[in-house]
Amino acid sequence: MTLTEPWRVLAFLVGIIAFVALNAAYLVWLERKVAGHIQGRIGPKEVGPFGLLQPLADGIKLMSKQLLVPKGVDPLLFKVAPLLVLVPAVMSFVTIPFGENLVARNIDIGLLMIFAFASVNVMGLLLGGWGSNNKYAVISAARAVSQNVAYEIPMLITVVTMIMLTSTMNLNEMVIQQGGGILNWHFFANPLMPFAFLIFFVCALAETNRAPFDLGEAESELIAGFHTEYSGMGFGVFFMGEYANIIIGCSLAVILFLGGWQSPFEFLSDQGLWGVFWFLAKVYFLIFCVMWIRWTYPRTTLWGLLNLSWKILIPISLLILLLTGAMIKVWPLITGAS
Amino acid sequence: MSILNLSNFLEVYLVIAALLFGIGIFGMLYQRTMIGMLISSELILAAASLNFMAFSRFLASDPTTGQIFTLFIMGIAAAEAAIALSIIIAVYRNYKSIDTEDVASLQG
Amino acid sequence: MISLFTAEGLAGLVFLFIVAVTVGGALIAVGSPRLPRAVAGLAICFIGVAGLYYFLHSPFVAVMEMLIYVGAVCVTIVFAIMLADPGDEQKVGRRSAVAAPVGFGVGALLFWGMAMLGIKTMWPAAAAKVNTGSVTDIGHALITNYGMVFELISLVLLLAIIGSLVLARAGRGKS
Amino acid sequence: MNDLARSPNQETFVLNLGPQHPATHGVLRVKLTMDGEYIVDAEPVLGYVHRMHEKMGENRTWVQFMPNTARLDYLGALSYNHGYVKVVEQAMGLEVPERAEYLRVITVELNRIASHLLWFGAFVLDLGGFTPLLYAFDDREHILDLLESVTGSRLTFCYYRFGGLCNDVDDDFLTGTRAFIKRLRKRLPDYHNLVTKNIILINRLKDVGVLSAEMCRKYGATGPVLRGSGVDYDVRKNEPYSVYPELDFEVPVYSEGDSMARYMVRMDEIDQCLRIVEQALDKLPEGPVMAEKVPKILKPAAGDYYGAVEAARGTFGIRIVSDGTNIPYRMKLRSPTFSNLSLYGEASRGLLLPDALALMGSLDLVIPEIDR
Amino acid sequence: MLSELKSEFASLAPLAVIETDYKVKGYHLDVEVGPDRVVDAAELLDRLGFFLEAITGVDWLGKNPVGNQPDPVSVNEQDPEAAEAEGEAGSDAPADKMEVVYDYNRTDGVLCRVVVRCRLDRAKPELPTVSRLIPGADWHERETHDFFGIIFTGHHDLSPLLLPEDADFHPLRKDFKA
Amino acid sequence: MSGYFKELFGGTKSLFVGLGITFKYMIKPVVTVQYPHETLVMPPRFRGHIELVGDEETGAPKCVVCGMCQKACPTNCITLTGEKPEGGKKKVLTGYILNFTTCSLCGLCVESCKFDAITFSRDYNLAGPRKDAYIFDLKKRLEEKSG
Amino acid sequence: MGKESLQSAIIKFAPLDKLLDLGRANSLWPMTFGLACCAIEMMATGASRFDLARFGAEVFRPSPRQCDVMIVAGTISKKMAPAVQTLYDQMPEPKWVIAMGNCAISGGPFVFEGQYGIVEGADKLFPVDVFIPGCPPRPEALIEGILELEEKVTGHRRWPRVEAV
């Protein structure tokens, strides 16, 4: 790490943008493949070997597509919105530790920062929907936001639980605490953690507007939701933003609960690039789960969604918070341990 | 004082805060809608917080003071926004009849 | 002279950019007659302000600024605009011809005065203890020195929630 | 919930669903007056695929109208074939050989399964689940293969003739059908586990869009919509035709009247259809498939005739008026979904948008059949 | 059921009540009423638990209406062409009529289909709506208006249902030319 | 309260069962027939557009220009012309035009033909950039095929 | 030979527009747009048995803004025609149209003398690139139509032609 700051920044920017773009492209490919096989078909196959050039073709297509700015839209909002979705997502990668030393900025309050950027994302959806001057887009934007707001609560409560448990908001430190085999992962830290993980995962799905919570782009109701009026790369950027957000959500879940870049077995190396391997393996597994879930369930309604949040997730996450607090503070008092 | 290390001078922040304040005041007088005025008042608050932060960074003996003040301002501002907006909505509901009768073109 | 190709130089460049974002956002926020655009400007301005806070060695406050202002206040305002339908905004917002010049005059005057005040005053030298931007300090301060205020703020927030609920409900029920 | 939507001073806006909208299964347009996400008023606008079937009926000979029946309801084409040949045979006094009747029942029930499967998939698609659609299509392809091997078409079958069928079936069809019954019986539990028992689906359908039996009667709703509201009415049982009286099957009835009940009726019907097909295969007699004495040029006696059959979506009634020539004087097609949809305006009032779409899906609309 | 119905209908002063052969005709009772009695008939049948299956029209331009011959079976047994000739010979100059047919049916297991028909002067085809009583009749009447131009007085909205919004033609009239 | 937990656990279980089913199908072999590379076999009764049948020996069309198919067709998509050659007794087909774009594939024409002179073709994958390519001159097609 | 030719085309740094054509031809996103019977066969084409996804053409977008190809599957009635026209106009360039089924080609079986309700062919409204006859056409025919369209866009055909037997 002897690079001077500007070069570091440049390397980071290039690296992250390439990472996000490549991931978005190939996650779409993966998603289409996974969907295909779940449904007993093949998925993209004819464009390049195994359809591997499919994302390339889509990318070329989208880029060469006419960028329509429909009548009656607010051109500023219409153009800024996709960026407001993508840029914060890219910025969030600043603090995600891909390996022990592979983190762009090891920020003390990294966890909080990711949530701060995530809240900008909401603004992007809202302005995109609003700026489109399309009723479906407006309804969709309103839905996306109320959903995001509702799920931020249980998610933050769960995260607070984790902060209590780890007493740090530094993501790398959290990972370091989970070293030494699968049993040291926070997922197994206490019997409540699997539930906390589940809540976190559900909230992450909801926050990223993924099925079964993809109310914002419910095709059967709202055409294409907030990006109904977007064509070409405008739509492409929304898409990239969505996948970047999925990666962030899954990365956070992996960092908080599944040991980040730590290898699951003590005897297997987590040094250097192996750490990256473990991290990405876990993240991609979770992303696969996200896709698997998407192609399995029907969509919930806004009502069902809010019910789930208020009646199930929030009480249970509060309960977990209390019990964890008790476990940390009260249990030592009772048992007399320090 | 080079143009590239402006960030290390208190005066720079004070000028920016003053600018925000001025813009906010201008907005207060210029905007006639309640939401527009609310937006302007948020700018004024931001100017105040910026001053607090700047003094806290450069002058205060206990650097947390300014930050905590800013945090409190944020809390108050959030509460203020919520209240103001619910008042605005109530006002709109009672004094304005809004009918969007225009049938949409075949969207989608 | 700081070279552009050092950490400091780059930071300076970023600082300029952030200042531009702040001021530009603020101008959009007050200058646009279209409310959604005004809110977008406000959000952009707050992102800039958060950046300034970061330069003031307070990443925590910067992050909170984003979280609260962009994520909560701006979203709430957009929501309110949606509910109150801005299509009719122009009818309400009949602004008199003098509002703009007067506003500009007053704003400019205040800016000039305060800026001069800021620049001309001989501030004492920077304090010995420069803040390190650690969360721990803020946390300690919050629950020790400022515990009372903290509680009061919680109360205010609670009242605000209840109050806005009541107001919103009443508005709906009356029709 | 409802008081919010009904208060008069609400700010409402009009949302045009369709005519091209993913949820309307074709080109229905619904003018929704909404208050937020609540529906204050819904008015279906029809006619976007009005294809002049009734006018064509007056321009063609009796036989030539046959292909039109398949295009009315392209999902359950054979039911419509059946209804048409039934009423003309009744007017002409034609006797149909038993084998032909059995084969009609077998094919019509297979077609009904295909229709229900497609509905199942499309309905879950409306609710946001994509995968069940493709599973249903997979099974449906098997039915289409079977029917194609007999009739030569995949969708718009034109298989029945006055007095019988145009082709006999071969053994491959019979064994293939048996194999299909076995296959579908094995796959149905998967459908139930994947979809029916899914908590998200249950939450979306339970107590949503409740239709009372009285409301169904007032609007003339029939088929699974009516049976989901607790009325045991099925033309196959109430007005026995063809060889249905000789087959043992039940008519699934659910009394809740919500979308879930309509869903369950159709899923149970698939079971019953399998039973019918199996029995009909067992009882299938040998013999000709075409009556011997069918006049070359059909001229039903002057008068009007009415015939009804149970199509996949409800009672398909057909009223023919003959003036004694070889061209119908008037042909009225009473399509079930026309009546079923007419209650939508009232039933969707006060619902949330997604619930209203679930209700619309549960009515099982085929638009060309409504518009005719 | 049938005899009971017949006596109930007698009170409506029907123009004809004919029991028909279900096996051939597909319905049991054929009632013809005047335009002023259509609503009464609907009320009666609604009260008895019938539901309205369909409403349709028939345009009898230059023809005598066929449909409720006294004995369809005997007609069927005759040589059809002779019957047709007889029908035409029955009256010299056919009065142009427009017919509206209501199909009623039951869902409670009793097999009884009733057809109510009403013949109108083709020059001025008007009759009262039953959609106030039976909401399901709403669309059927609109459709009949679309196709035949029959006006259902008192109907809340007779704008085209299946035809384009601005359609001013009635395609199922026999004199319709595109 | 117990109802709450019952629903919660029942619901969660149903979700996992659903995941299990999709996983089961995911590891099953695909059912896709990869069309341009592999094809389905059309059943013998498959109805494509109609085709004239040639006499086995001469290759000349078996059609005797009786016009039954033309009459039977509900959509008037068949136009056939014939003329009596000088000295000949029977009519000879001179043109058989099928406007496939209005055909409804009902098969009434084939049924109405007493001479087995027309049959269904096996063309199931027609597609092309020109509309008039589907107004077939069946006689020419037959000649091309036999000749 | 299909894949090889595509790869070699890319490796040879084909001219830009050729690359664009390749991209567009292999990423034809159709509109979720069914009118009548043929729509069901269109769905069947997207389903597991025929799997339009193999050609990257399964991304049925409900919003016309994001579509490249409009598959007119079914009868266009005179009442529907303005809406179809609007949808076509809403699609961004470059765009293509496939007329699927006899109704979309010429009105199909619903054409008769004195008809009052349908538009006799999608090409009366806007240019159509590929015609697929049939009532309804089999799913293979729709795949063939997509391949024809690809041929039209790129100028050569990557896949073998299937002769019906």
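Lettered A, B, C, D, E, F and G in written order, each chain numbered from 1.
The rule is short, and it goes like this: a residue touches a chain if its C-beta (ideal position, glycine included) is under 8 Å from a C-beta of that chain, and two chains touch if they have at least 3 such contacts.
Since the structure is predicted, the reported quantities are computational estimates derived from the model, not experimental observations.
Trainee: Which other chains touch chain F while also touching chain G?
Mentor: Common neighbours, chain F/chain G: A, D.
Trainee: Go ahead and name the chain pair joined by the largest number of contacting C-beta pairs.
Mentor: Top-ranked chain pair by contact count is B-C.
Trainee: Report, in whole Å, the distance between the mean C-alpha point of chain C and the mean C-alpha point of chain F.
Mentor: Centre separation, chain C to chain F: 69 Å.
Trainee: Roughly how many whole angstrom separate the Cα centroids of chain C and chain E?
Mentor: The answer is 74 Å.
Trainee: Approximately how many whole Å separate the CA-defined centres of chain E and chain G?
Mentor: Each chain's C-alpha centroid was found; their separation is 46 Å.
Trainee: Chain E to chain F: how many Å between their CA centres?
Mentor: 41
Trainee: Could you check chain A for residues that touch two or more other chains and list them?
Mentor: 36, 38-42, 45, 135-136, 219, 223, 228, 295-297
Trainee: Which positions in chain G are in touch with at least two other chains?
Mentor: Where chain G meets two or more other chains at a single residue, that happens at 32, 47-49, 51, 54, 62-63, 79, 83, 87, 109, 112, 114-117, 135, 138, 159.
Trainee: Residues of chain D that touch two or more other chains: which are they?
Mentor: 9, 11, 13, 15, 19-22, 47, 50, 52, 55, 67-68, 71, 131, 134-135, 138, 156, 194-195, 198, 200, 371
Trainee: Would you tell me which residues of chain C are touching chain B in their complex?
Mentor: 1-2, 4, 8-9, 11-13, 15-16, 19, 22-23, 26-27, 29-31, 35, 38-39, 42, 45-46, 49, 52-53, 55-58, 60-61, 64-65, 68-69, 72-73, 76-77, 79-81, 83-85, 87-89, 92-95, 99-100, 102-104, 106-108, 110-112, 114-115, 117-119, 123-124, 126-132, 137-138, 140-142, 146, 149, 153, 156-157, 159-161, 163-165, 167-168, 170-172, 174-175
Trainee: List the residues on chain F that touch chain D in their complex, please.
Mentor: Residues in contact with chain D: 7, 10-12, 14-15, 17-18, 21-22, 24-25, 31, 43-47, 72-74, 104-108, 111, 120.
Trainee: Please name which positions on chain B make contact with chain C in the complex.
Mentor: 2-7, 10-11, 13-33, 35-36, 38-40, 42-43, 46, 49-50, 53-54, 56-65, 67-68, 70-72, 74-83, 85-94, 96, 98, 100
Trainee: For a test of understanding, state which residues of chain F touch chain A in their complex under the given definition.
Mentor: For this pair, the touching residues of chain F are 8, 15, 18-19, 21-23, 25-26, 28, 30-32, 34.
Trainee: Can you check the complex and tell me which residues of chain C touch chain A?
Mentor: These residues of chain C touch chain A: 5-7, 9-11, 34, 36-37, 39-40, 43, 47, 50, 59-60, 63-64, 66-67, 70-72, 74-75, 78-79, 82, 134-135.
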